[in-house]
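Okay, so chain A shows up in both of these, paired with chain B first and chain C after.
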Partner chain A sequence: MTTASIVAVGRPAIPRYQSLLRHLQGGLKGSEYTWAIAFIVPYAAVFLAFLAYPVVYGLWMGSEPSLYRELFSDPIYQSTVINTLLFLGLGVNLKMFCALLMSGFFMRRGWWVKALLMIYVLPWAVPALPTFISIHWMLNGEWGLLNNFLYNVFGIEGPSWLNSHWLALGSAIFSHVWKWMPFWTVILLAGRMSIPQELNDAAAVDGATGIRRFVHVSFPLRANLYLICTLLSTIFTLGDFNSVYFVTGGGPANSTHVLATLGIRDAFQVARPDLGVATVMTALPLLIPLVIILMRKLRTTEVQL
Partner chain B sequence: MAILTRRTVLRSSIGAAAVGALSRPYIANAAATTAEVWWTQGFVPEEDAAFKTLVANYEKESGNKIDYSITPYAALRQKEISAITSGVVPDMMEIADFAITPINAWDDKLVELDDVVNPVKSQFTKTALDCCYHYNNKTKKRSYYITPMKVAAVPFHIWKSLVEKGGGKISELPKTWDAFMDFFKPVQKGLRAAGMRNVYALGYQLTTNGVDPINTFNAWLTAYGGSGLVTADGKLHSDNAQVKDAFIQAIKNLTTPFKEGYVPPGCVNWNDADDNNAFHSKLMVMDFDGTISTEVALYHKKEEYDDILTHGLPLSNDGKELPAQVAVFGPVIPKGAKNLDAAKEFAKYMIQPKVLNEYLKAGLGRWVIPVADIVKSDPFWLKEDPHREAYTTMSVISPTYPIYEAYNPAMAQVGAEHVIMTSCFDVMNNGMAPEQAAAKAFKRMEEIFTKYPIAQS
Partner chain C sequence: MSVVAVDGGPAARRRPNYRRRRNLTEAAAMAFAVLLIFWTITPLYNMVFVSLESHGDVFTSNIWPVHPSLMSFWIVVTQGYWYLEYFWHQFGNSLYIGAATTFLTLLIGSLASFSIGRMRLKNGWLVSNAALLTYVIPASFLAIPFYSIMIKYGLANNLWAVIFAEVTFATPYAIFIFQQYGVSIPIELDEAARIDGASPLQVYLRIYLPLMAPALVAVGTYALLLAWNEYLYQFMLLSSVKSMTVPVALAQFLNSDEAPWNYMMATAIIYAIPPVAIYYAFRQRMTAGLTMGGVKG
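Right, the complex of A and B next:
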């Protein structure tokens, strides 16, 4: 007789359902399990009410196939998809790359650098709506601050910034970068500060300075953080309504809408919330892979040199 | 002393949660004599004060209670659409928008108000009633869905001092449409010569935001004989030669002054209030904008208030009187309203002509009462103020016709998509011919109209 057999004979057999129940209870017994349930109920209720329900409700609202036929037949929709991709591609990458460079600048020592950083983060700290509305006014071709400045200082008539598709879209992208670059600069700055100075010192001893040190040491150490920030920023930017709506209003002639603003237009100007939800739902094929990649990257913990 | 055990804690927590979940706020528990009402914030404080007085008078007379909230227009619009979508609705909400009522009446999401409107119907203008008479795609019939309260038309606002400074004379304002528009062009030249670098002759919205550009185009369309674009049977007449010609002419005569530099280039991307701001800053000699909010905003600045000339529509180019397209705003009752009777009671009270008149007068007359007899008999409307006189005359006394959205909700979508202004933009910025732009707009309008077929009785 083996040892295992002796043990099996010496204990009463545990019914299979009890074993399953214990497994489901995570090894908790009696009152421990009851307390665990009591503590988790509020969280589950909040999760269901404020996260699961709105998402499911949105999916339900946008579940009618005819909505998508209607949406795809809207001539504005196709240009909106292209604008969204441009807004994401240019806006996110320009913002993140500039933020990366600026984070290097703000690593410098000196009181004036710290003072400058305080001023630099102001666009991010101030409320979005008034600033975007101010930008809209500043860019007015006839009476805006920018063109008046150009005329009074250089004697030149500036263009009507919000009258052409490219200038208006560029203005919206610029406004987005201006608003959010400080935030990502601070995040990347924090990432830089977490890298031991010894690594840079060792690289310097080995003769790696300037651009070589950035390419072979500094950037690889931050690559994962940069990628995660870029993915996160892409997800945030996909839902950025304010930068476009309050700067260009989706104009001129509906030519600068992105999915977020078109969805709001359909929901509240056309008074068709179902169509608005369907508009936003069409971003899911882009959004879901981004979230999956982000989750996978977040599992990576080691530095990839 | 009670001992606090795990069981008592859990029981108490569950009990408290149940009480919290099952109990109702005071209003919902109240009797059916309370109605929850959402109202639009006015352009000036006097409008809000007028509504509060109306409510106070009603509560005093009826003993009922009105639980109201006053919200700015854009925010209220979103709140209303969200409420109708979710089904969690107030008992009454004011609609100051062209799309919500026709689309939700079509979808059978509003309560019919025939029993509210019919008793006083004979006193109201036909156009006002037509504006409130919408088609329900479920019942396949038209009914009243808005309580007719506030008439709005679109007048011209003109700075008299700028006209004089630019070398023009107000007394020489031409009577017919094209000549009227052309009158301001030399004024702009005069003002520029006098050193006003960025002043413009004509102010009108050619943007793809809000309802102003829709009003603008429809006025020009009417001026050239195209007011039959959509008829009372809900049909689009894009194949009608007269309508087609007028449509092309309207596009041409709105966009040509733009291309010639007589309209601020920024008007293609203005927000709702941008033309008001530009006009108030005296950067445009004339502005075509809905209601007399432009004047009312300066009500307490006497000199500027008096410097503005409010002008109705000129005659057509062949000298005929032009009908003004008007909108009528007022409250609707969404389906699912808990206190339907109380809401209807309040609606019946509000549209009693005498009550309505006092309310609108207290709001400085920004909205005109849709009751011709009162307009003629109460000196407030036609005798005491030149702005109000011109505005009231075009809104109620002169010929009028309702917004197209009342005839067919398809026009609400056409307007919200800004189909026509997008075509105008093609002419102004992309070099498209007006004929091509009109064809492009008609194609999209016809697509939209196929989604809203209206049964003919």
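Right, the complex of A and C next:
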């Protein structure tokens, strides 16, 4: 009796279990499903072990409210926030706007424009660290190339670029622009190239030239690309460690740090990893909305970069 | 237009005027190009210039090498300075990290995108979204907890810790590109092979991978350059002289008081040559890859 009742009770459960399995498998048959899962496992493992776990661990490390009280009362942190905003506002916009103009320039025909493009992309091709170290030495007040040049050619005694807060911050921003402008130019150039020539021709026939063609044809078609690139660039710039770390080193007197470099300084030079995490976490109110907007944009536009 | 009016020229005069204006804009473009070359080249020129100087000449007000010599390069290549004692060993570490990162990124990324895109794994979009999210998290923000976790895993001062970090940040881009590129390969090929009795693994090896070759080259180049150019994770995770990579050793120079700038710049140039060569060799493919999918700086 008992076995019979168990069978009787258990019977409906078997199809339900099977339908659940089928539901999970989607259209895939048994062994195919196993293969599909097996293929995804390596990435899932990497994601969980080296991304999800550190993210959760980081959130836990930075969850102590007293850390933020300590942080907000720190004058170095306060100036760091201003530096970060300046770095983002000036660095990103200067870089993207110049890249937009440059992409227009490189649409010109002629062999020398193509040759110039090969030279122009060099900053992107050369690894970041060697060039930033080179810029660091180039800006040296006493023996750097820039001041030597100013002295030999114009007879001016150049300032010591890295010893004043504003000059040093400006140097870091310009180094960042120098390094990344070619990259975004190439992206925007590819975007321009993908505008069908017929559209331009049609606009030309209708009498639209120069600025009007840009306003009514090129810009509407490329506004979305420009926006996505600017958002992405903002996020990348927020995480840019190298240009500040190697050009100014956060100096003079820790006055040119940005959040990314200050976090690392707190964690490894001051040996306060929790404070370092808290420093970085204060960028989240800016980072999260950016990420959400960007994810939406990337998904809805099917990434027509 | 006003120039035409002043000249009083009818239609016949417009042509030479137009040509003159075109020559003017061409000249302006050339002048701009010269400025652009100056802007682009200066930091790179500084690298070459300092590396060609002798140690004493570095601290002068020259703007070109007065006594150029390749001595610094010789010192670096023969490891003839105490900072450079393990240069080739460290260069090997960089190569090892680059090769392993490239291989693992291609393997993991292509397997995952085959499963999501070709086998249509249900809820595969979750994985794509997770990848997309990883792609937009700045790596430097995750550095501190990542370091703590690596110590927990017992991977401190181990090259594999760096390799895993690079793979973590390169794979999302790989999945992204593979998904985009995979759409252009007809799914009927897979179906035909399946009907002929091929297992999913065979479809992956014999059909998917060969047809994906251009995307594999683009992503492989990207992963290699990412690993080669990265500094922060290598600096955090590698501390002993023998496990260091070239950038970490180079940055150590910077912090010493008597920085031998000519040796540093020679090291920097030698280190920069492979990626620049690879970049120019695969430039077209890289650009195609970048514009095919996303962008990553």
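What we mean here is this: the second predicted complex is superposed on the first by the 275 of 305 C-alpha atoms of A that agree within 3 Å, B and C clash if a C-alpha of one lies under 4 Å from a C-alpha of the other, contacts with A are read in each partner's own complex, and residues count from 1 in each chain.
Here is the rule we use: a residue touches a chain if its C-beta (ideal position, glycine included) is under 8 Å from a C-beta of that chain, and two chains touch if they have at least 3 such contacts.
Given the structure is predicted, the values throughout are model-derived calculations rather than measurements.
Applying the stated contact rule after C-alpha superposition, one finds that A:I187 touches chain C and leaves chain B untouched. In the superposed model, A:P289 lies in contact with neither chain B nor chain C. With both structures placed on the common chain, the touch criterion links A:L162 to chain B but leaves chain C unconnected. More residues of chain A lie in contact with C than with the other chain of the pair chain B and chain C. In the superposition on chain A, contact is made by A:G58 with chain C only, not with chain B. Of the two partner chains placed by superposition, chain B and chain C are both touched by A:W35. Of the two partner chains placed around the shared chain by superposition, chain B is the only one that A:Q269 touches, whereas chain C remains out of contact. Applying the stated contact rule after C-alpha superposition, one finds that A:P220 touches neither chain B nor chain C.
By the document's definition of touching, of the two partners only chain B reaches A:P75; chain C does not.
Judged by the touch definition given at the top, the superposed model places A:I135 against chain C, while chain B stays out of reach.
In the superposition on chain A, chain A positions 31, 35, 61, 136, 142-143, 267-268, 273 are in contact with chain B in one complex as well as with chain C in the other. Residues 31, 34-35, 38, 61, 70, 73-76, 136, 140-143, 160, 162-164, 168, 248-254, 265, 267-274 of chain A are the ones touching chain B in the complex. Those residues of chain C lying in contact with chain A across their complex are 29-30, 32-33, 36-37, 39-47, 49-50, 58-63, 107-109, 111-112, 114-116, 119-122, 124, 127, 129-134, 136-149, 153, 164-165, 167-168, 171, 175-176, 180, 199-201, 204, 228-229, 231-232, 236, 247, 250-251, 254, 261, 264-265, 268-269, 271-272, 275-276, 279-280, 283, 287, 290-297.
By the touch criterion stated above, chain B contacts chain A in their complex at residues 6, 10, 13, 77-78, 81-82, 85, 97, 99-100, 103-104, 198, 200, 207-209, 264-266, 268-269, 271, 274, 278, 281, 283, 412-413, 416-418, 421-422, 425-426, 429, 444, 447, 451.
Residues 24-28, 31-32, 35-37, 39-40, 42-44, 46-47, 49-51, 53-55, 57-58, 61, 105, 108, 112-113, 116, 118-123, 125-131, 133-138, 142-143, 145-146, 148-149, 151-152, 178, 180, 182-183, 186-187, 190-191, 194, 229, 232-233, 235-236, 238-242, 246, 260, 263-264, 267-268, 273, 276-277, 280, 283, 287, 290-291, 294-295, 298-299, 303, 305 of chain A are the ones that touch chain C when the two sit in their complex.
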